[in-house]
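Chain naming follows the written order as A, B, C, D and E, and within any one chain the residues start at number 1.
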Amino acid sequence: MQRRFVTTRRDKTGLPPGTPIHVGSRPTDPVRFTVFQYGPDSCTEHSPPDAAACTAIERNAPITWINVDGVYDVTAVTQICSALGVHPLVQEDIVNTDQRPKAEDYGSYLYVVLRMLRSLPNGDPAGTPAIVAEQVSLIVMEGLVVSFQEHEGDVFEAVRERLRSGKGSVRRKGPDYLAYCLMDAIVDHYFILLEHIEGRIEPLEEAVVSDPNSDAPRAIQALKRDLLVLRRTLWPLREMIYRLSREGAGAITDDTRVFMRDLYDHVIHVIDLIETFQELAAGTMDIYLSSISNRMNNIMKVLTIISTIFIPLTFIAGIYGMNFSNMPELEWRWAYPVTLAGMAAIALVMLRFFRKKGWI
Amino acid sequence: MQRRFVTTRRDKTGLPPGTPIHVGSRPTDPVRFTVFQYGPDSCTEHSPPDAAACTAIERNAPITWINVDGVYDVTAVTQICSALGVHPLVQEDIVNTDQRPKAEDYGSYLYVVLRMLRSLPNGDPAGTPAIVAEQVSLIVMEGLVVSFQEHEGDVFEAVRERLRSGKGSVRRKGPDYLAYCLMDAIVDHYFILLEHIEGRIEPLEEAVVSDPNSDAPRAIQALKRDLLVLRRTLWPLREMIYRLSREGAGAITDDTRVFMRDLYDHVIHVIDLIETFQELAAGTMDIYLSSISNRMNNIMKVLTIISTIFIPLTFIAGIYGMNFSNMPELEWRWAYPVTLAGMAAIALVMLRFFRKKGWI
Amino acid sequence: MQRRFVTTRRDKTGLPPGTPIHVGSRPTDPVRFTVFQYGPDSCTEHSPPDAAACTAIERNAPITWINVDGVYDVTAVTQICSALGVHPLVQEDIVNTDQRPKAEDYGSYLYVVLRMLRSLPNGDPAGTPAIVAEQVSLIVMEGLVVSFQEHEGDVFEAVRERLRSGKGSVRRKGPDYLAYCLMDAIVDHYFILLEHIEGRIEPLEEAVVSDPNSDAPRAIQALKRDLLVLRRTLWPLREMIYRLSREGAGAITDDTRVFMRDLYDHVIHVIDLIETFQELAAGTMDIYLSSISNRMNNIMKVLTIISTIFIPLTFIAGIYGMNFSNMPELEWRWAYPVTLAGMAAIALVMLRFFRKKGWI
Amino acid sequence: MQRRFVTTRRDKTGLPPGTPIHVGSRPTDPVRFTVFQYGPDSCTEHSPPDAAACTAIERNAPITWINVDGVYDVTAVTQICSALGVHPLVQEDIVNTDQRPKAEDYGSYLYVVLRMLRSLPNGDPAGTPAIVAEQVSLIVMEGLVVSFQEHEGDVFEAVRERLRSGKGSVRRKGPDYLAYCLMDAIVDHYFILLEHIEGRIEPLEEAVVSDPNSDAPRAIQALKRDLLVLRRTLWPLREMIYRLSREGAGAITDDTRVFMRDLYDHVIHVIDLIETFQELAAGTMDIYLSSISNRMNNIMKVLTIISTIFIPLTFIAGIYGMNFSNMPELEWRWAYPVTLAGMAAIALVMLRFFRKKGWI
Amino acid sequence: MQRRFVTTRRDKTGLPPGTPIHVGSRPTDPVRFTVFQYGPDSCTEHSPPDAAACTAIERNAPITWINVDGVYDVTAVTQICSALGVHPLVQEDIVNTDQRPKAEDYGSYLYVVLRMLRSLPNGDPAGTPAIVAEQVSLIVMEGLVVSFQEHEGDVFEAVRERLRSGKGSVRRKGPDYLAYCLMDAIVDHYFILLEHIEGRIEPLEEAVVSDPNSDAPRAIQALKRDLLVLRRTLWPLREMIYRLSREGAGAITDDTRVFMRDLYDHVIHVIDLIETFQELAAGTMDIYLSSISNRMNNIMKVLTIISTIFIPLTFIAGIYGMNFSNMPELEWRWAYPVTLAGMAAIALVMLRFFRKKGWI
């Protein structure tokens, strides 16, 4: 079934603003918490059993990263956020998983929300990998990053690996750099999705020419729909990262801002590609329509050639099939072969006419 | 009947500016007044019989909310507004119910006008719920909010419930927060309308493929028309709420401005969805057109196959139906079966040709 | 005949800038001058015979309004303008009647030019009222408003009535408010035009579905052309009024600026409607094209059904019309009824095939 | 042959920047120099034989205007420019005749480049006057204007006439006003071109309805191409004149800036017209396509009516042309007239069916 | 095979930011280094064997230009950049060859990246020269320019020639001017590409009219694709050069900024041409579609004329081919010639009808 654009909000409509109500699918898996504590020289990692344990963690390393998988557990989210003094509206945004990407600076902390798009390895049999969209919220404050995801499974494994191994400079930098790394991992993944999408355009371009009766229009529409969703996600992301990279925010240091600028370039690149693909998809639809018309022309040509040759000949045969008693040519000796020869001549004239027209 | 876009203004044209003349439908129900008086600790509610009683109310609670259902009673509106010192042009805008959403800061009070779209439970039998558009005007001043609606019935019931029960923070905040709550209730309702609209797109996408002779083009046009109306309503709303959330106005406190920013996000989200739906509707029209062409191709194929096979055969039958006296083959013993076999061979060649062309 | 977009300027090209040469139609009626002199307590009205008399009027009331009908009399315009010290370029713009709406502040006076669109009562028989476009120039200075129109007949009658009767506040306010009233009267009239245009769209939407061979495309093109002209007129008007309402100009008091803001809302509303109508017109063209295609499909279906049923049957009849001497079945007793039954069977199979295809 | 958009630059690519190499057509006519020297009271005019004579002219009048026809003579251009201290890049721009319109303020002088479009009297026989595009460069400095044209022949004759006769204020104003007059003459000429273009649209609109097999699509494409070229020329011109009229430049006095504002209005007007024409051209293409479809419908209707009436009748005739020995009805007395009557009845039923469908 | 838009990034995703990993094709040729050392009076040129030799070069001339062909050798790039103190993100951008054009000012040096498009002499046999896109990175600092290319072969030969010969002013100016010269050479080459593209549009415009069954739609789509890629490259280039020419950067002197402004004009010109070509390509598709429709009309006309003339005649022949025993007219003496004459008359009426319809 097609993913719907509007998430049902009936339950939510009418509640006081700032009431954190989860909007989105509601799996039953328990929430999973992961905590990284690291500094230039060390990195420890453990999984507290519940939200209370998370907030009770002693911050014995320069930087702490708490990751929460499962925002459908509203109580856990509220508990953690309230312990950190996060505004109720932010709490509402974290659990309400159809936010547009945005960054909001609340002075003592920065709230960033964006969408993580992942392709699952076990896609559908048609070859198109299944795409999973998930809302990721980041809260960046002094010595702490908290990230909230909808479900388990993410694109951050490489970042975790770098934290554990100490490769790259992530352990030597602040929480804002960690936030940047997470955002960079998300954006990098968009390129992989775009590769998949490009892989869908090429066979379509083939199909509309070779087999215009295929399901191309629906496939093109599906492609456009996906590109629309992507563009809808990317445009606000662009704006958000632009602002982080230029104006910055309290939580983003100048050093990290250079990296944000780089990230901004990547996002622009992704948007460029999406728009290019949109134009290609539109062009493919045009080719499809012209292919259908061409095919119609060919069908009509065959019909016209056959009809135009045989209808006059059949008429002549009909003439000599009439039963008038006084048809002197019927008795002539060479009448039959002469008639056949005349018919052949007519057919040849017609064929020459069609050749001149370029139809055969 | 289709709702018309231009409200007849003939009566109004030529009157001095600032003359409050009601433009819109004119029901005969009496105007209804509702007054809420509340503070952190209490909330009383009563319904004065007329405008005079409304203005005479003693303000014995921190905040008063007067709601007027029925702006067609120009006298009542004028009476209340004049008692509060509201500018004649604002009075004109309140009763003239085809305003674009806007907010105007008049120093001592803020005037906000926006459109409330509701879906009535008893929609039309085709399943599409009837949509009612109504203009809502808010006047926000020190300790007072006055709201004007066209008719009875609104989307504010949840807000009233929160006032009565004291749930949420609405009773502890100022009149600007109440105004925000009312606007939020209106915007939240747009999502429900969008759900209905999405529910209309999906069957259309089915119909244009499976039954392209249906009334799809008209349905698509109706859909586009509704989306056009929605976008026309939402664009100025976006601008208005943006300004309230950034620059603010005298009547909007900084605290409430944070909530306005959240409301702004919602409006942007609604606009995003509308634009996505517009592109989907356009795409559906394209699929429809290609479906028609495809169907035409199939019709023509059938005609061409039948004609191309039988027209030459009929010609041959016509040949041997001629009455020439000298047609030696007519007398041959195997002439008839050989002719039939020849016809069958021609038909087979034709069928193979069509199979090669991919027509059958 | 279609109104042309480019007014012939051959006469004008090459003349020194600032030479007032009338560009536009040149009726022979004499120019008509009307003078209103009014203040809070009085209003006198008379019609001087010529321009000299106009400029010689003693200004014995707080505000004077001189209206000139007929800018084709270049001498009269020049005479009045020169007496008031108006810049030659402004004089050129007044008589050259294809200006874009604009407002220019010359310090001691404000020059405003806009287009008055009127629908004449005696429209063409097809029901579309004739639309007359006329350039109106206003010069607003201390205690004086001068308005220039192309011809007699305007939309200002209601303003005149208010001056005479003293209703509204126009007599108590300055010349800038009078200018606002004139502009307001012009803009209010656009709504009436839009009503007419909406009245043209609805029957078109009917026609393209019920009778797609009609003249719909030309009517749609004519509609688009009219909307194009309207939008061309309205866009610069919007900008102009926006500037008058925000920055203001020397001649516009703050009090009047509030009214300009209201006027600005009206103009925005008109533009909104025009753009909505443009999209509806485009959508109507799409429906028209799909209607034609649908109709073609229906025509082809009829042809295909008839041909596909009868061509094979005719072939069979042709077979038994052949004159081979050795056709044993011709002699069989039940051959004829069996053949007829076979033909009926073939026809039934065909009909079932078409029913399965959904063609009948 | 179609004018190409990209001028061949192979010769130029790789040369140092600032090398004046003429890009464009290279006539062999000698360069022509004209010098006007004028002030409020006098105007002398002569034609120096070469560039050296030009630069050696004694400036004995307040203002000197040197006009050079033939920028293909790079040496002459270089000689004059170097004598005046003009930047090498400007020299390159003057001879390289595919510049976009622009104005550059070099402190002591202003460099303006724009395109002069002229319609030659001896146009092509099809009635479309030949359009000649020529680059005009102006250098405006203290007491001097130098204008460079590609070839002889221009639209400045009226300006020269005013200089000679002393009409208008051109002799009383500075070199910036002369530059303005030259630019104004060029822009005024665009209106004449637009008249020609409008004259091409109207017959096209006729043709696409009355004779849709005509060459309309190519004519529409040619029209679009011309409008594209015009818009490409006008957009930067608009920007350029806007800046001259608002910010001004050292060489433009405040007095002249008022005139520039007027010129700006004209350019906006031209662009408005071009965009209107572009939309009309697009609409004409739509009408053309719908006309073709309509015509196809009519062709198919004729075919379907004839086929659908006669194919069943021919089948009936075929039945009674069969040679079965046992066809009792053949012997009936009234069989033949009854059969004919039956055929007539079928034909009438068919005709009624078509009438009901609205096809005849 | 079609060049893909998304370069595979799987290897890169997940690596720490600032890790220089080459993304792009990976030839096996060794990297080539070229060093120019020059001043107003001298210019020496040599080719160090490796990156170490490059960084060890003694800077004994005012300006040094190091050119590196082959960014796939990440070690060499890193070595040179690190020796110059270039930021790791810049190093990453240099080797990651799908950057958008941009300029970044890092205080002590300026980093510029743009795309060099070259047409190879040995293009494909169809006449379209092969286009090679290559990323060029420039690092401009005090007395030094370092340029990085993907492969050997570039468009800088003319610049090198000017350095060697001392022609032009390049040897007398700073490193920023050299950078400008390199950028200018790249942009100048775009015009040659556009000439090739224009050369592809013209035959297409012919083909869609004369032979609409050709492969035009695919060729048009390929053209659009190329223009899309070009526009995608040019838009950010425009922005980048605009900023260099206006705001400038530490490394760009005011003198060079004048040249940048000239370069900006060229880029705008290229973009203008691309957009013009895009509109022409879209127009060509429209003509193609109308050509197909026209051709269909012509095919249908032939079919309809032949069918409509002969089907009724064949019916009449069928009538007199019936075997009713009682058909008195069969015995009439002139029945046969009268019937033939009647048929001829019907045919003539039909032909006149078609002539009236304008079909023949």
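The rule we apply is simple: a contact is a pair of C-beta atoms (placed from the backbone, for glycine too) under 8 Å apart; a residue touches a chain by one contact, two chains touch by 3 or more.
Worth saying up front: this structure is predicted, and the values here are computed from it rather than measured.
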item	value
Copies chain B and chain A - interface residue numbers shared by over half, same or different	different
Separation of chain A from chain E, taking each centre as the mean of its C-alpha atoms, in whole Å	26
Computed distance of Cα centres, chain C from chain A, in Å	42
Multi-partner residues of chain D (at least 2 other chains)	289, 293, 296, 300, 303, 307, 311, 314, 318, 321-323, 327
Direction chain E, origin chain D - full chain order round the ring	D, E, A, B, C
Contact set on chain E toward chain D in their complex	157-159, 161-162, 167-170, 180-181, 184-185, 188-189, 191-192, 194-195, 198, 202, 205, 209, 258-259, 261-262, 265, 268-269, 272-273, 276-277, 279-280, 283-284, 286-287, 289-291, 293-294, 296-298, 300-301, 303-304, 307-308, 311-312, 314-315, 318-319, 321-327, 357-359
Chain C residues touching chain D - in the complex, by the definition given at the top	2, 4-6, 8-10, 12-19, 87, 89, 92-93, 98-100, 102, 104, 211, 213, 217-218, 221, 224-225, 228-229, 232, 236, 285, 288-289, 292-293, 295-296, 298-300, 302-303, 306-307, 310-311, 313-314, 317-318, 320-323, 327, 330-336, 339-340
